[in-house]
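Taking it in order: structure first as C-alpha cells, then the write-up.
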Amino acid sequence: MMTTRSADHAPDYSPAEMQAVFLSRDLTDGELGAAGASAAIPMAAMLLARLRHAPNLSIAGEMFVNPYPKQLWSSMLDDRALGACEAAETFLELFAHSHRGLDFFFHNGMQIDQYGNINLHHIGGTIDAPVMRGPGAANISYAVTSRRFYICTTVHTKRTFVPKVDFITSPGYLQGPESYHAAGLQYGPKYCVTPLAVMDFDPETFRMRLKSVHEGISVDHVIAQTDFELLVPEHVEITDPPAPNELQLLRDVVDPKGLLRS
Amino acid sequence: MTAATGRKTKRIRFDEIGGFLANTIEDGDLLAIGGLFKQGRPLALIREVIRQRLTALKIISSPGSGFDVDLLIAAGCVAETFLPAVTLETHMCPSFRRAVEAGTITAHCVDALSVVGGFLAAANGVPFQPVAAWKGSDVIKYNPLIREITCPFTGEKLFATKAIRPKLALLHAQEADEFGNIRHLSTMTYADQMIARSADTVLVSVDRIVPSGDIISRPRETSIPCIYVDAVVEIPFGAHPTGSFPNYSIDEAHIDSYATYAEAARKGSPTGDANLQAYIERHVIAPQDQEGYLTTVGGDTRMEELVAEAQAL
Amino acid sequence: MMTTRSADHAPDYSPAEMQAVFLSRDLTDGELGAAGASAAIPMAAMLLARLRHAPNLSIAGEMFVNPYPKQLWSSMLDDRALGACEAAETFLELFAHSHRGLDFFFHNGMQIDQYGNINLHHIGGTIDAPVMRGPGAANISYAVTSRRFYICTTVHTKRTFVPKVDFITSPGYLQGPESYHAAGLQYGPKYCVTPLAVMDFDPETFRMRLKSVHEGISVDHVIAQTDFELLVPEHVEITDPPAPNELQLLRDVVDPKGLLRS
Amino acid sequence: MTAATGRKTKRIRFDEIGGFLANTIEDGDLLAIGGLFKQGRPLALIREVIRQRLTALKIISSPGSGFDVDLLIAAGCVAETFLPAVTLETHMCPSFRRAVEAGTITAHCVDALSVVGGFLAAANGVPFQPVAAWKGSDVIKYNPLIREITCPFTGEKLFATKAIRPKLALLHAQEADEFGNIRHLSTMTYADQMIARSADTVLVSVDRIVPSGDIISRPRETSIPCIYVDAVVEIPFGAHPTGSFPNYSIDEAHIDSYATYAEAARKGSPTGDANLQAYIERHVIAPQDQEGYLTTVGGDTRMEELVAEAQAL
C-alpha cells in the first residue's frame, strides 16, 4: 500500500485537467459517446481525444452531433457550449440512442457508492420526504444503452463516496454480481475519476478499487476521503500526468479560457 | 398561387397574454414549458403566469429545467412537478429544494425517457410509448408515468410511459409568421416540437415576427407548423434571462443574483423571504410590459452585451 | 325518380371540375384536411375553398402544411405538386394526425360498395392469390382519425360500384349499422362524388343514396352504371353547376394548365 | 476548434458501389428504399443491385413506391414486398401486378402506419410501436407486422406494429459531406430519416458532395447525421427517372416508356418479355457508369430539361 513515486512539487496542471486527460486516453478512435448536462471535463476529454488520437470519435448527445466549440463551458446542452455542429437533433434522438447504443457515457453524482451506483435525487429521508433534494437526473437509460460509462466527479469526500447511496438514480453494479445479473444489467462503470485518483471495479466482487492516485496525492488521503472500504492493491501507480502535447492541445485548442483551471 | 386573403392572424399583443392565459389554463392544470435549462425558456410568458396568480399548477418541461420553475415555485404557483432534472447547473435550484424538502410541492420522480416518451406518445396519438431501458434504477420504482408491459412479438418485458397531454404549452422561438408557423434558428430545439404536438393549446413567444412569404420560401426550416399553434406573440428578449440563440445569450449574472436571493431564503436568512419576494415584485409583478421588465434587468446596455456574446460564439 | 331540370346543352365545364367545385363548397373555413397520393380533384377542391370562402382552411397531408402550387398535378405527394409550403414535415406526421385528427380526408377506390367501403387491394381470388392485384393503399387510418371523408372517383361504372367489395382496404359503413358499431367505428363517408352524380348515405341503413345528378346526366344512367341497388329519393336535384366565379378561380388560379379538363 | 485531421472519409466511388453491396447484403435480405413514388428514389443504387444479380430480396420502402420496385421485380431480384402502395400513379405497376397475380412474389398486406411505425420503433430502439387506428379494415387481418395489444394505463385494445430493421437502406438526397452528413434540400423527406435510423447499414447517393464546413455552418439543415450513414456516393442525376428536387424533376416520359414495355409483357404480348428484358439490358446492365446510363436516357439535353422543369416550380 504505497505509491511508486512521490511528487515534491505541485503539479503544473489542475486536477480537472488531469481528469480530462486521463479520460481522453481511454476513448478509442471510431467510438460514439455522449455526456450529460454539467459536463466540462467529459467534453474536454472527448474533444482532446478527437484532436489527439481519435479523429473518428463521434460526440453525439441527445440533440447534436459533433460539436466544435471555441471554448469550454460548464454546460454542454446549449448553443453556447456547442459552437458549430455537424447536425442539430431533438429529444427524439434520446430514443434513437437506445437502438444502436453508445460506446460510452459520463455520469456524475451527489453520492457515489462502492458499487458505482449514483445518486442525484435525495440525501436522507425518502424520495417523497427528503432531507436534501438533489437535482434529479435527466437521463438514466445509459446504464442500459451505453456499453460502458465513466463516473467523473469534481468532489471526492466522505460525503460523496458513501457505502450505499440513499437512492439509485443510475445503477452501477447495484449490490454486487448477484443483484447486477438479476436486474438484467449488461454494462457498468469502467472508471471512477476524481480530483484525487482513478478507481476501477474488481471483476470478482464489482467493488470499487483504487487504480492510481494523481501526482501529489497519497493513497492514505484517498482512503481518508472515502467513506467505504476502498479495495487497494499492493501496488498503486501514480496516474500518468498529462504529457506536454496533451496539455498544450487542451489549453490552446480545447479550453483556451482555462475553465478547467478555474 | 398566393396566400388567401381573409386569413385570421394568430398574433396577439403583449397586453393580450393575460387574457389568453385566463381562457386556456386554470389553477391545478398541467402546464408544459419549452426550451431546456437556460436556453429557449419562455420567461416573459412565465412572468405573466405569475402575474395572473395561477396556483396549484402541475409543471412539466423538456427534461432539463431550472430558473423559471424555481421562480414559479417561489411565487407560489406550483403544486406538482414532473421534471427529470431541476438545476441552475452552477447551483441547485433553491426554491425547488426548499419546497420539496418542506413538503409543500410534490416532485414526481421521472426521467428523460418517461417525459419525452410521454410527449411523443401524445404527439403520435397513442396512449403510451414503449421504453426499453431503466433496469436497475430506483427512478422506475416511484415514477407515476410508467407501467410494465410485455412485447406482443418477443415476449420480453419492457416499460410503457403514459401519454402526456398538457393543458397549455408555453414555448419560445426566434421567428414566426403571424399565422403561427414557428422557426427555431437555434441549434437546439430540445422537445419544443413534441410539446407543441402534445398540448391542447400552444402559445409561442418569438424574438421577431417575419412575413409569411419568408416562411413559405424555406418550408424545411419551419420547426412547428401553424396547425399546432394557437397564438404567437413577439416579445423582444422574451426568453431573458435564458438565452435565445443566435440572437442573444444567457444572462448568467442575473440568474446568479436570483439564486443568491432564493438561496438566502431557503437557508432561512432573516431577510431572505422579503428579498426574494422583492425580486418577484420588482421583476415580475411591477413591470407593465416587456420594456418595463428589461429596464429592471439592465436595459439596452445589458441586452447589447447579451447580443454581442451570442454573436461571438 | 326524375330530375328536376334537364340540360339540353353540353356543360361548359368538365366532370372533374364539377366534382372539385362540389367538394370545395362542402369544406368549411377553419377545417384541417388532407388527401392521398392521386388527388388532383381533392387538391383542387381544397385550394378553391381556401381561395373562395375558407381562407383559414389548413391543408396538411402527412408531410407538408399549406402548399401553394402554381398548377395542379396528378400526384399530391412530391415537391412538384406542392410548390411552396408553410412547413415541410416527414412521415412522423402520420402519427401526429392520429392525435388531433383531421376534419376531412378524400378516398378513391378500384371498387366502392353500397356501404361506402373501398377496395384498392385485389379483385377476384384472395389477397394471397388475386385475379387482379391493385396498388394497395398507403394510409388506411383516416377512417378512424378523420371526422368525415369523401369518396371521389373519376370512374363510375358497374365494375367500380359493386354490391360488396372483394377486400375492405378502408372501411366505410362495413355491412351497415350493426357491423359498423360493432367494429367501434365513429366516422364514415359523407359523400361519394363521381363524374355522374353525388351520393350520400341513408342515415338509417347507411346505404348509398343518390343525392344529385350532374347537369346532363340522367338518373337512369347513374342507376345503369351502378351494380347495386342505389337508393333513389322521389326527387333528385341536379348538382348545382359551377358558378362563374368558381370556375374562374378554378381555371385562372388553381388549375391554369387545365388538368381537370384533360 | 476545427475539424480533426485524420478523419476517415465515407465517400465511395461509383465503381465501389458493387463491392459495398457485396459486403452488406445477401440474397434473401430485407432491403429498404428511401424516397416516395417518383421522388428521391436511389435509382442508380437500385440499378447496381440488379447488376449484382441479387435475388429473393425482401423489399420495404416508405409507404409509396413504384418504378424502382417494379424494375427490381422485372429483373428477378424480389421474393417478398412489404409495401403499402405500389403504383406509377398514372398507371398501375405492371411487373408487380403480374408477379403477384402469378404468385411468383408475396406482396404482404401492410399499410403506412404499420411500415412507418415499424421504422419508428426500430429507430427508437423499442420492439414495437403502438397504433390506435385500423378499425374495420381487412388490411389488419392479413398484415404480418401487427398484433393486438392492451394499453397498460387505459385498458383499451389497440395494435402494435413490429420494429423493422432492414439489412441495408438505400437512400438518395441532394447534398452530403464526405463524412456522411446528409442534407435534403427537397421539401419532402418522407421516411428517409427514420429508415436511416432503423437499418443496419445505410448507403446514400447524393447529387453533390459539399465541403464539411458547409454542413457545419448550417447544422439544423443536416437531415441525417453521419452517425447513421456508412457510405455516401456522389451520382449526378442518381435518382433519375425519379426527381431530386429542387435540382431536377421527374422524367415522366421515361417512366411511361418503361411502363409500356412492362405492361405489354404483363399482357403476354409476343415480344413483351423480350422488350422488357431489352430495356433492362440497355439501361441497367450495359452502362458501365452513370454517364453511360444517362446517355441511354437522353443525355445532357434531357437532363437540362428536367433541371429547367424543377427550377420553374
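By written order: A, B, C and D. Residues from 1 in each chain.
Here, a residue touches a chain if its C-beta (ideal position, glycine included) is under 8 Å from a C-beta of that chain, and two chains touch if they have at least 3 such contacts.
In this text, all values refer to a predicted model and were calculated from it rather than measured experimentally.
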**Item:** Between B-C and A-B, the pair joined by more C-beta contacts
**Value:** A-B
**Asked** Taking each chain's centre as the mean of its CA atoms, how far is chain B from chain C in angstrom?
**Response** 42
**Gap in Å, rounded to a whole number, between the CA centres of chain B and chain A** = 29
**Complete:** Distance between the CA centroids of chain A and chain C (whole Å) is 60
**Complete:** Flagged in chain D as touching 2+ other chains are 124-126, 131-132, 187, 219-220
**Asked** What positions in chain A touch 2 or more of the other chains?
**Response** 64, 70, 83, 85, 88, 95, 98, 145
**Request:** Any two chains that touch count here, so list every such pair.
**Result:** A-B, A-D, B-C, B-D, C-D
**Asked** Can you list the chain A residues touching chain D in their complex?
**Response** 32, 47, 50-51, 54-56, 58, 60, 64-66, 68-70, 83-89, 95-101, 145, 253-254
**Fill in**
Given the complex, residues on chain B that touch chain D span 121, 124-132, 147-149, 151-154, 156, 158, 160, 162, 184-185, 187, 189, 219-221
**Complete:** Within the complex, chain A is touched by chain B residues 36-39, 62-64, 83-87, 89-90, 92-93, 96-97, 100-101, 103, 106-107, 109, 111-113, 116-117, 119-120, 131-139, 142, 186-194, 243, 245-246, 249-250, 309-310, 313
**Item:** Residue ranges of chain C in contact with chain D within the complex
**Value:** 37-38, 62-64, 70, 74-75, 77-80, 82-83, 85, 88, 90-92, 94-95, 98, 120-121, 127-141, 143-145, 167-171, 174, 180, 183-185
**Request:** Report the residues of chain D in contact with chain A in the complex, numbered from low to high.
**Result:** 1-8, 122-126, 177, 179, 181, 197-198, 212, 215-217, 219-220, 222, 224-227
